[in-house]
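Structures are listed in the sections that come next.
One chain, chain A, links the two complexes that follow: it is found with chain B in the first and with chain C in the second.
And then the complex of A and B:
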């Protein structure tokens, strides 16, 4: 059988078109039936592309690094800590924040669907929702972390949190020693989404 | 329910596409169309609750589950729920999609069945419910998970069945997805976080000292496990 990359690409594009056309067909029917507001699509784009994102979680992390009382609250009752910030556009039933230490590294997944702490991290990245990450990170987390360029010492324990109910998990990463003199605002601008999912160690 | 959605620990999967998340955004536009449609289905009661929605995702065509992406899965669930509610027919969506250039050979993710009796749109707020009954298990206690797959929606992944773990947290009562998805009411149950040693779940997996997998599991999934001798 000959292998034609162009043809393969065409087939992939065809597959991509299947849900796209059907999604917009359904959208038009829902609008006609008065179920969907025509402006709602632009509203969700504005809301999730511009207002909700990992900057919310980064603010929590930066505050925890500079304020010991807040850090204690964040780890004891993440939901209450989030409520104090009054982030716009997201809500969470219950947030549990898990802390990375020199002995323990935490990483978050949802193997059954794609549960994610939207209120603090915004839209999940594509890889978080893909079968490859969901199947592998529970079984071989160290190999998965290496694919993200993250190498852990052999004596560090890896704790994987599989979000199987309504509780959402976020990682409090370790603060790099080189960031000792940065302000809270500077710290928040350097905290990455991937470090709060747990696939990256900040340096 | 066993199914393609239950991805945890499935062997043979591809490398992680680590570059695919650089800028998470609702792009292309149809992703946002599906997102807004799902919001509208919750507002109208067609998506009666999150558990019914998740179960609708679990029931879509397995090949489409893997190939149509996250919003493709949501689309399959949206169509499933709309047809089950009798609001729109599959033929109606087929006709509209063909007007817009879809082929009759296109694969459709939705697999509508029958809308459960007793499914009523409920409170869209928190699913936490304080229970009068005390939790059966204490922090530090060993428990064993259920062995059998439930026929419908459940939040006990296959990889953690018939496995022994330790209770590390208790989270009060929560709406029980296994009942709620099927119109059998909220049936709230105590919820715990159970820590499993990864080496006990997958003895042949990579080495890692003290590595654990933590899952949030409802009390009906658990039974007492005697302490190791």
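And then the complex of A and C:
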């Protein structure tokens, strides 16, 4: 069989165009039939771009680090703790926050699709949705964490939490000792998304 | 209020990076699909759990057909999350609205048949 790079390129272009065409066809029909308000689509995208994101989760973590009562509430009833912050937009049905300690490291996955605590972390990164992460982090979490540059001591046990449409998980990372003197606001600016998924240890 | 031309919306400015994170979508059509799904859910057309069930179905079909994924972080696996997302949305829309699969297929064929570069003003001179 001959190999024609030009033809291959054309096929790739066609393939890339098809999902865009399908999305456009769906949106145009929904608008024509009065089922969908196009402004609502723009509003959702804007909301997730600008207001719903990992900075919300970072605020929860920073507050938990400086306020023992809030930390207890966050771990006991994550949904209620989130409601007190009154983040605008972003749905969270049931949020369970799991705490990293010197003995236990937690990591979050959704093995079946892409369930993720949108309200506090925004939308998931691409790798979170990929089959490799979804399948491997359960089987070999330490190996996957190493690929993220996270090395855990052998005596630290790893717990993997599988999210679902009903329960979303978020990790409360450990506060690095060097951050002892930082303000709540400074702390929030340093908490990363990946540390709240559990693939990163803050340092 | 007149509806914005969906074509303009699709080919307009790329979505900006999310605050404190990376770009949310790799292509504008992914953002449109996400926005449609959330907007229709919020309008009460379907429960999010029902959408999730269809998404799990479509992803599961792919997973079972590709049981040896590549290591995390590589881009080698031809896995296209938002294509599954779109398939799930199509399932829900045809189940919960008057829009039929036949109408959708006809519209897709119509758009596919548009001349290449229909959405560009400039001429390709090469």
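Things to note:
We take it that the second predicted complex is superposed on the first by the 187 of 203 C-alpha atoms of A that agree within 3 Å, B and C clash if a C-alpha of one lies under 4 Å from a C-alpha of the other, contacts with A are read in each partner's own complex, and residues count from 1 in each chain.
Basically, a residue touches a chain if its C-beta (ideal position, glycine included) is under 8 Å from a C-beta of that chain, and two chains touch if they have at least 3 such contacts.
A quick note: this is a predicted structure, and the numbers were derived from the prediction, not measured.
Contacts of A:41 after superposition on the shared chain: both chain B and chain C are touched.
In the superposed model, A:157 lies in contact with chain B only, and not with chain C. By the touch criterion defined above, A:24 lies against chain B and chain C together after alignment on the C-alpha atoms of chain A. With both structures placed on the common chain, the touch criterion links A:138 to chain B but leaves chain C unconnected. The partner that reaches more residues of chain A, of the two candidates chain B and chain C, is B.
In the superposition on chain A, contact is made by A:126 with both chain B and chain C.
Legend: residue contacts after superposition of the two complexes on their common chain; A:165 is shown touching both chain B and chain C. In the overlay built on the shared chain, the residue A:55 is in contact with chain C alone; chain B does not reach it. Overlap of the chain B and chain C interfaces on chain A comprises residues 18-30, 33, 35-37, 40-45, 48-49, 53, 112-114, 122-123, 125-127, 129-136, 144, 147-148, 165-166, 193.
Taken in their complex, chain C has these residues touching chain A: 1, 3-4, 6-7, 9-10, 15-16, 18-22, 24, 26-36, 38-40, 42-43, 45, 48-49, 52-53, 55-56, 59-60, 62-63, 66, 69-74, 77, 79-83, 86, 89-90, 93, 97-99, 103-104, 107-108, 110-112.
On the side of chain A, the complex with chain B involves touching residues 15, 17-30, 33, 35-37, 40-45, 48-49, 53, 93-94, 96, 109, 111-114, 122-136, 138-144, 147-148, 154-155, 157-167, 193-194.
Listing the residues of chain B that touch chain A in their complex gives 5-11, 13-18, 20-22, 24-30, 32-37, 39-41, 44, 46, 54, 57, 64, 66-72, 75, 78-79, 82, 87-88, 92-93, 96-97, 99-102, 106-109, 126-128, 155-157, 159, 169, 171, 174-175, 177, 191, 193, 195, 198, 201-202, 205-206, 208-218. Of all residues in chain A, only 18-31, 33, 35-45, 48-50, 53-55, 58, 91, 112-115, 122-123, 125-127, 129-137, 144, 147-148, 165-166, 193 touch chain C in the complex they form.
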